[in-house]
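Two complexes come next, and they have one chain in common, subunit A, joined by subunit B in the first and subunit C in the second.
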Partner chain A sequence: MNITSLLAQDQTPSSFSLLPSDQSKWLLIVGTVLVVSILLFLLTRAPSNMRRPVVVSITFIAGFLYFLEWVLPKYRITEEGQEVVRQWFFGLSYDYSETVPILSRLSQLLTGILLALGVFSIFRLHVRRLLKRDPNWLFSLVLLSSLIAMAYIGFSKFGMERSVEYRLMTEEQLKATNMYAAYDLLFDKGLQTLDAAMFSLIAFFILSAAYRAFRIRSIEATIMMAAALLVLLSFVPLGIALTSWINPDSVAGNLRIESVGQWILLKLNTPALRAIDLGLGLGVFAMGIRIMLGLERGVSVD
Partner chain B sequence: MDIENGFLQYKQYGWMLIGTVSIALVFVLFNVARAKKSSAVTIRRIAGLDQIDEAVGRATETARPVLMSPGLGVLDGIAVQALTIFASIARSAARFGTPIRLLNFDAAVFGVAQEMIRDVYLSEGVPEQFDPDSVRFVSDRQFAYASAVAGVIHREKVAATFMMGEFFAESLIMAENANMVGAIQVAATTQVTQTPFFVAACDYVLLGDEFYAASAYLGRQPVLLGSLVGVDWAKMMFMLFLIVAVIWHSVQALGGVSPDEVAKGNVVEGQEHPSKDQLFFVYITKLSRE
Partner chain C sequence: MIEQKPEQTIWHSLQTLDRRWLYLILVILVIWQVIAPLKTANVVSPPAEDMYTYLSSLQPGDFIVVESDWTNSTRGESRGHFESLMRLLMRKKVRFVLTSIDPQAPQVARDVLEMLVKEPGNNNYKEGQDYAIAGYYPNAEGHVNGMATRLVDELATKIGRNSAVLTGINDLRDAKAVVLVTASSSINRWYERMRGKTKLGLFCTAVMAAENYPYYVSGQLFGLVVGAKGAYDMETLLAREFTDPQFKNYGSGLRYMSPLAFALGLLILAVIAGNVAMFRVKKMGARQ
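Presenting the complex of A and B:
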């Protein structure tokens, strides 16, 4: 396989495939950035009584775009499967549904910019601590060195993966490179292991939280303790053995510990969780309407 | 045009879903409009939200910070609601001169939170008290975030923690660490699987939609309270539907087979009651999902 055919396989368009020679694309990008910057600057300079209607309108339109995408029909179900209807209103509706994901990429762009701000915030905080020799300056040093090392290795690996030499390597050759070894050490053997260590702590925290919660202090705590005990027993062989003498096919079979445990889980616990879920669903629904209409005077409008 | 077979999303979600959403929408909008005319709407007490001033007051007395966490969610309705509650907490903290720590997982939430807290200090007339480092982006990895929050809790011995938003496995790590330093804890999460952990580890927990009622509760604006009444109407509609469905379903299941089904040949010999698929509420549920 030669280099030209390898490069020809790279059909995925990305911002990195944009070459500096492509003047019109650059012009478009610079123009868009300029126009958006001017609009944002004007918005920040505008008095708050003028700014509010603009922000409310943009919020409403943005929310309404997604609502329309959900409601408008796109695909028709036929005997063979799904098909796109491209006539009249339905054609427009399909085109619209194809456009909305492109618009949603704008928010991804914004998140990317804000991530840079976030990293800058971490950097500033810990550099300051380091320079001031804060009592915990050693933690800041570890954080900054990890941040720089991980970013350097990550970007280098990304660059390496786009090179032609990389594509010609076998898996064994790849694993033998210093870059691969460094990435493996930092990410797979370092970060992933630390994540697993934190996750394993949960087992101990569950024990300490359960100890406090199950102390019998009130009638509610007593009911919870009893229910928990029954459910726990219904899952262990020792618990099941306690009532194994009851005939499972008789009416009394309902009093076997595994039946009681299942009954608590399915008939008491699940409906309660579903009721909370229903409340949450309706709550977020009303909240969405309040944000779209600009009634929520929290972070969204002021 | 042949649309006999129906369109995908209406087949997937069913007309019932669109109908239900439309009715709930009418309920909310009607009550918002009604509340604009009359301010007679009241709201019951929510203990967790009443504790904000007490928790901040305790932090002031002990000269220790108040920690806030919006969880692992991205910038959506849940995060906006969490930040609205945090703005109220920051307002109390600004009045008392109490230090705050707002630790973020998502960069977009961090950006909005920083501006929001700055505005709170500005509106309280103490912009000089605002410390830009009090609102921090920590990490966008779950357990790195949890360990950072636990670290701040222990190093700074926080007096109160407010964990509101989307939490997953890290919820208990954070809540138990706060418990170790004796902090007052108020929590709310939209993840029902994590609610029991918060109930076990925290002092006050906002259950279910109490979380979304927070902005109306804290602000007591009639329009927002009206939207809560709309949600309550929708809940009552669901309850009524449930009662009707249970009775209808039971009567139908115990009744005889319909002559129409017999004529269609859908009834087997010796069958006395309708089969499960012929029951009305099973039928419409399948109709909407097929």
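Presenting the complex of A and C:
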């Protein structure tokens, strides 16, 4: 088992089940963390002109690994009576497509580390505000206590679900536990409800903004408003009911609200968006090449 | 000299209407429709019908990948999508694996699933046997690339290589479809990386509809279910196919459709009223 599989919980119920007796695995984990920490520390201490080639090289290699996956030829062979696709790798017996899940796991780990870094950064910032008694320090206190409570309850529930007692519990018994009640209160009844409430505020802003700002002041604005109202009406049964008396199979059926709405979306909106997407695609392609080659400023260390 | 005040008409008042009146009307309308929703006749949109027709044609034991990236912030639209999709898959006995690139989404999906498996007609679906929740993948790019290249390897780290849900599945080609229920642009990763290995379907919020229609028109999406109307479309189609009164076909789609219809109605009226008031005031100013 490689280190990425181990950390991504491959073939083991979870990394929490790593036994203290698995000394070689523990050593591997601790060793990797140490080596990476030392390398990162050295990198931060190195002068900018030395750091840049390292970062640019890593960026180039990371991009190139994905690029290779698209350009290396593939072939079909029969293995154990089944036809499988393999990817050529410079004449060696290695199948290049095996690289992709490894890269995927690495990218999951890296993003996980970035998330942890983000949490650490927020934590540090708000602890400082709290200690200095900055204006609005009370909000920092709320944030920190929510963060700690959610993390504690979440990890405790995660640990509990992996215990033997948990597996023997019925659903009712499980829901009666304090841990579940706390999780339910914080996540389902707290966070989720606040999330929905926060988003629903947009309805008020849209209504107010549409009433004040959506004014016909030119031909273009008139066309845009007519199109917007027709598409809006085609999305609600009440709007559809306005023209439901027209026979959908007749020529006049094309004038039903839902037909007009679909026509606007498919025949007017689609070509316009394709043009935008094409331009965007070319831009992203150029940007990708610039990043890979280290030509884009602000991406690496400068 | 006393300055004469310009004449205040109803049009002037409409132009300077306090926004809180609009908010009040909106709140009253929404509360009224949540409590007593108005059930209106529905005309199913063709992209939603395409989605339903294909998924409904799946055979018992078929396997699909569902990426659920919605949370309660878009519950009004996405929950109806997810509920109707799950009801259809369970009734057709289709195996599925759930993945996500949003940290909150797996738990939200799990909560809805726990409720749905108990409904009559949903074949008492069991996690690990009929469906699996692979959970959260922090890096969307890497995840989709892994799924497209080595599906089993990508999922094995979360649900185990020998999961009953993955029986007979070696590659994404073996899946009958990948269906996304999302409120974000996560579908773009699939457009870019899927390489035509299987069919792709999308349940998205109404604001995302315009940018995804080109992919439906080109055939890259086999079906497109949009907004609360899309959820209502799916429920309408479920009700057409599953006529047993024990089956629950309508849920969040119907519940949220009616308040949305009234809210949109108010929006349209507000825009019209604002413009009429503007023209009337302009006309009066020209006369004076």
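Assume the second predicted complex is superposed on the first by the 196 of 302 C-alpha atoms of A that agree within 3 Å, B and C clash if a C-alpha of one lies under 4 Å from a C-alpha of the other, contacts with A are read in each partner's own complex, and residues count from 1 in each chain.
Here is the rule we go by: contacts are C-beta pairs under 8 Å (C-beta built on N, C-alpha and C of every residue); 3 or more make two chains touch, one makes a residue touch a chain.
If you're wondering where the values come from, they're calculated on a predicted model, not measured in any experiment.
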First, second, both or neither for A:V251, with subunit B first and subunit C second: neither
Touched partner set for A:L115, first subunit B, second subunit C, both or neither: both
First (subunit B), second (subunit C), both or neither touched by A:F187: second
First, second, both or neither for A:T270, with subunit B first and subunit C second: second
Partner chain(s) touched by A:D195 [first = subunit B, second = subunit C, both, neither]: both
Partner chain(s) touched by A:M225 [first = subunit B, second = subunit C, both, neither]: second
Which superposed partner A:L238 touches (first subunit B, second subunit C, both, neither): second
Which of subunit B and subunit C A:R212 touches, first, second, both or neither: both
Doubly contacted residues of subunit A, that is, touched by subunit B and again by subunit C: 82, 107, 110-111, 114-115, 191, 195, 198-199, 206, 208, 210, 212, 273, 277
Complex contact set, residues of subunit A against subunit C: 5, 8-11, 66, 69, 82, 84, 97-98, 100-101, 103-108, 110-112, 114-115, 187-188, 191-193, 195-196, 198-200, 203-204, 206-208, 210-212, 214-216, 225, 229, 232-233, 235-241, 244, 256, 258, 262, 265-266, 269-270, 273-274, 277
Touching residues on subunit C, where the partner in the complex is subunit A: 17, 19, 22-23, 26, 40-43, 45-46, 71-76, 104, 107-108, 111, 137-139, 141-143, 145-146, 149-150, 153-154, 156-158, 160-161, 170, 206, 209-211, 213-214, 217, 226-229, 232, 257, 260-268, 270-271, 273-275, 278
Footprint of subunit B on subunit A - complex, ascending: 70-71, 73-79, 82, 85, 87, 90, 107, 110-111, 114-115, 117-119, 121-122, 124-125, 128, 136, 139, 191, 194-195, 198-199, 201-202, 205-206, 208-210, 212-213, 273, 275-280, 282-291, 293, 295-300, 302
Residue ranges of subunit B touching subunit A (in the complex, touch as defined): 1, 3, 5-11, 18, 21, 24-25, 28-29, 32, 74-75, 77-78, 80-81, 83-84, 87, 104, 106-108, 110-114, 116, 119, 132-133, 136-138, 140-144, 146-147, 151, 155, 169-170, 172-173, 175-176, 179, 190, 192, 195, 197, 199-201, 207-209, 211-213, 215, 219, 221, 223-224, 227-228, 230-231, 234-235, 238
